[in-house]
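The next part holds the structures, each set out as C-alpha cells.
Note that chain A is present in both complexes that follow, paired respectively with chain B and with chain C.
Take a look at the complex of A and B:
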C-alpha cells in the first residue's frame, strides 16, 4: 500500500519515485504544500473510491497517516 | 451572485455554452497571447498544409472553457487546479461550437470537483476533450435585503416582533409566527408591508414538529426559499423550585427552544446549502451564563441545550455558508416582565453597569448584524446584549 501511495504521488506531481521516501511527511518532503495536498487528497478519492471526511483532510499529512486512513476506509 | 454554491452542485450536473468562432476572436487571441503562428493567421499557409483554412488556437477553446468554469459551472470562486486536454480536430473560423462541462466527481470535504470538459462542433464532433480539477473557494452569497426571506418564531411580540419589523424596514420578506395572538402578529405583518417589505402572519405551535415545519413551508410556498430563521418563540417563563418542577414543565421549554430549532433547521438547511447562504439565530439568555438564577432549572436547561445545538450546527453547516449564532439578552422591556413590579424593574436596571433595561430594538440590532453580511465571519457565537450583566 505504501508503495502504491508513493507511486501515486510521484505520478501526480511528476517527480521520480525515489524522491518520495516511504516516511515522507508535509514537514520533510519539499513541495508537499497546500495545492499539492489538495490534488493528492482528490486523487486518493478517485483512485481508491473513498470519501475523505473534513476532519481527515488536515490529518493526512504523512504517508503513514494516509496508509492508516485508507486501511480504516477498508482499502487493502 | 452568478454560478452555483458548492452545496448546490451534484455529480452529473452539466452546463453548456455556445459560441460561433469569429475571425476577430482568433486575431484578438493572437494579439493577447503573442502566438502569431501563420497556421492561425494565414489562410494560404494553412491551406498549403492541407487544412480548410486558418486553424483556431486550441487554447482559445480552452479560454472559452475557462469562461464556463468561471461563470457558470461551478462559477465565481473556482480555482482551476489542473486540466488535461486533447485536441481531436482542427477548428476553423465560422464554426459553431458548444462548450460542455459535466461534474464527474464531487469531493465535499475538499470543496473540489472533477469535471469532464469538452468542446463539440455543430455536427456533434468532439474537437476538444479533457478533465478539469477545480476547488471552490467560499464566496459571500448574502442576498440583498429585498430578496431576503426570514422566518421569525414568536414574531408577534417582544424581541421577535422587533426583529421582524427591522427586517421589514430593510425590505425583507418575513414569516411572522405566532401561537395565540393573531391580532398582534397581523399588526407586525401590516407594519412590515407598510415599511416596504412583505410579510405573512402564520399561526403555528413551534413546540410541535408539524408546527415548526409549517413555517418553512409557508415561506417556500410564498417566496420559494428561506434564508434565515430567528428562534424567538418562548412559553411563559415561570420560576419554580426544583421539587415542584414537573418534567412536563421542562419538556415545554425543551420542545419550544430545542425541538423547534432542530426541525426548522432540518427542513430549511437543504435549500440554504443549495444557495450557499443561511443564517440561524437563537434568542438565548444571560441566565445560562455563569451562575443561573434560582428556580429556573427547566428554562436554563432548555436554553443551554439550545446553545449546545447552536454550536454543533455551526460546525456542521459552516462549510455551506450557513452561520448559527445566539444572542443572550439580559432584562428586556417585553411583556414577559408585565407581572414584575416597577420597583423590582428599577432594582434590576440599577444592578446593571448601563443602569437601564434593554429595548427589544436593541436586541434586534444585534440579531440584524448576525443576519446580514457584516456578521458573516461569526458562527457558533453567543453575543450578550446585556448592558454589562455578563462579561
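Take a look at the complex of A and C:
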C-alpha cells in the first residue's frame, strides 16, 4: 500500500518515484504544500473511492498517516 | 451541456492535463490567463486537457485567485506582461454580493448587483484595451445559496434571490460588449447537474475552492467548448446519417416501411426525437446527408412513413447503396465540395464508426449509445454542432446546398446507381418449381407482402394442384450476384388458357428489390407464355396496406387497363417485355 501511495504521489506531481521516500512528510518533502496536499487528497478519494473528512485532511501529513487512514477506511 | 466525468475519467483528465502543462516549453500556442474571485488553482490541468480535447491550441498558466481586480487595473501587472490570448474572467456571485450575504438587511441587493455589473463592464473594457486581440471569456459562477434564504415568499421585498438573478442576467448581457467577449452561461450548466454534483464544502473550507473536481472539469470543458466554437475548430458543416436503427428502429429491408419503429411513444418516440434534433440542426444550417448500406428504393420508401419527421428533401445528398461507408463519405465530400473535416458521422453500428475513425480520422464520429433513448441528447449536445450564434445565413445554407446538390444528383447518382447495378453482376436463374422447392414457394406466398401483386396466399395443396396441371406455369426465381446467392427469392404463377395467359402470382422477396429483378422475371414470364401459345398477358393488381409500391407495376411496363385492377399486354414478336441489360438470365427447363 505504501508503494501505491508513493506511486500515486509521484504520478500526481510528475516526479520520479525515488524522490518520494517511504517516510515522507509535509515537513520533509519539498513541494508538499497546501494546494498539492489538497490535490493529493482528491486523488486519493477518486482512486480509492473513500471520503476523507475535513479534519482528517489536516492530519494526513505523512505517508504513514495516509496509509493508516486508508486502512481505517477499509482500503487494503 | 457536457456530461460530468466519472472518477476514473477525472483522474485521467487531470493526469493528461498535468502532463501537458509540464511538457509545455513555452512553444505551445497561446496562453489562457485565469482570473477569479475564488480559488481555481486546480483548474490549469483540467483546462489544458479540455483545450487539447477540443483541439484548441492553448494552455492555461497564470491564475490570479483573489487578485482579479488588481491584475486587471494595474497596466504593469504580470497579466499584461504575459500577453495572454485568452482571459478567463471567473467571478462568483457569492463573492461579488458578499455584503449582502454578510449584512443582509440594510444592503440594497439589486443596486449592489447593478454596481457589480458596471464594475465587470469596466474590467472587460480595460482588458480589451490592454490586450488587443485577446478574447475575454466571462464565466460567472452562479450562487449555490441565495442571501437570506429563510425569506420564503417569492414576492418578499429585498429577497436575496432577486439580487442574484439581477447579477446573473447582467453578466449574460456582457456578451454584447463586442465580438471579443464570450460569455458562458454557467448558471444553465450548473442547473443541469446541480450543486450537489459540483460542490464540496471541504474544498471550500480548506482551499476556498467553490467547485469540486467534477466542477473543475465541467468549467474547463465549457471554456474549451466555447473557445472551439468561437474559432470554428472541429465544427461539422454536414452530418452523414445512417438510416436503419439510427433514423428509425428496425431494418426497413426486413420489416418494410410500415414496420419500422418511428412514432409518438416508446422507442419510436426516441427515434422521432433524434430526427427532431437533426431537423433543428438542418434548420440552423448543418447539412444532412444519408450514408446507408441499403437498397435505395426500399430504404427511401421509409420516408413515406407518416410519423417520419425528416423528409427526403431535408437531405442535400444521398449515398444509399452497398459500397463501404468510407468510400461513400469521400463521395459525399466530392459532391458537396467540402473537406472530410467538415463531416460528422452518425451511425448506430460500432463497427462502422470504428471503420470511419480508422479510414477517415478527420471525420467527427459521434459515439452513439446502444440505447436509442439516450441518443437525442447526444446529438443535441455534440460539441461539433455547437456555435456561438446561428445567423440568417446559416438558416438559408441548407436550401442553397440542396438546390445545387439536386442538379448534380440527377446527373451524378443516376449514373452511379446504374454503375452499381452493373457492378453487382446479377444473375437471375428461373426454374420450374418442383417437389424439392415446393415448401420454399409456399413460404414466399405466405410471407411476401410488399412486392406482391395479388397477395394470393397459396397453400402447399394449392401449389401441388397447380404443378400437376399443365395449364399452370409455376416458376421460382433464384437471384445471385457477386456478393452471394440469395436462393429462391421470387415466384411467378401463370395460368394459360388458349391464346391468353393470366398472371396468378408475381412476387419478390424484399431482399432483392430495387435491382430490376422484377423486369427480368416479367421478361421470362412473357416469353414462356408466348412459347406456350399465348398472345395476350393479363395481369391483376389487388391493393393491400403493404403492397402500394407495385400499384403501378403493370402500367409502368406498357400494360393497358382493361377494367379496374385488370391489365393487358399484347404479346408481339420483337416487342416483348425487355430484360434489363445488367442482369444475366439463366433458364433451367427442369431441375
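Throughout what follows, the second predicted complex is superposed on the first by the 76 of 76 C-alpha atoms of A that agree within 3 Å, B and C clash if a C-alpha of one lies under 4 Å from a C-alpha of the other, contacts with A are read in each partner's own complex, and residues count from 1 in each chain.
To be clear about the criterion, a contact is a pair of C-beta atoms (placed from the backbone, for glycine too) under 8 Å apart; a residue touches a chain by one contact, two chains touch by 3 or more.
Predicted, not measured: the structure shown is a model, and the values here were computed from it.
When the two structures are aligned on the shared chain, A:34 is found in touch with chain C, with no touch to chain B. Once the two structures are overlaid, the count of chain A residues touched is higher for C than for its counterpart among chain B and chain C.
Looking at the shared chain after the overlay, A:57 reaches both chain B and chain C.
In the superposition on chain A, A:47 makes contact with chain C only, while chain B stays out of contact range.
In the superposed model, A:7 lies in contact with neither chain B nor chain C.
Shared contact residues on chain A (touching chain B in one structure, chain C in the other): 35, 38-39, 42, 46, 52-54, 57. Chain C makes touch with chain A in their complex at residues 7-8, 10-11, 14-15, 18-19, 22, 41-42, 201-203, 205-207, 209, 212-213. Interface of chain A with chain B (complex): residues 35, 38-39, 41-42, 45-46, 51-54, 56-57.
Contacts from chain A toward chain C in the complex involve residues 11-12, 14, 34-35, 38-39, 42-43, 46-47, 49, 52-54, 57-58. Of all the residues in chain B, the ones that touch chain A in their complex are 81-82, 105, 107-110, 112, 114, 133, 135, 319.
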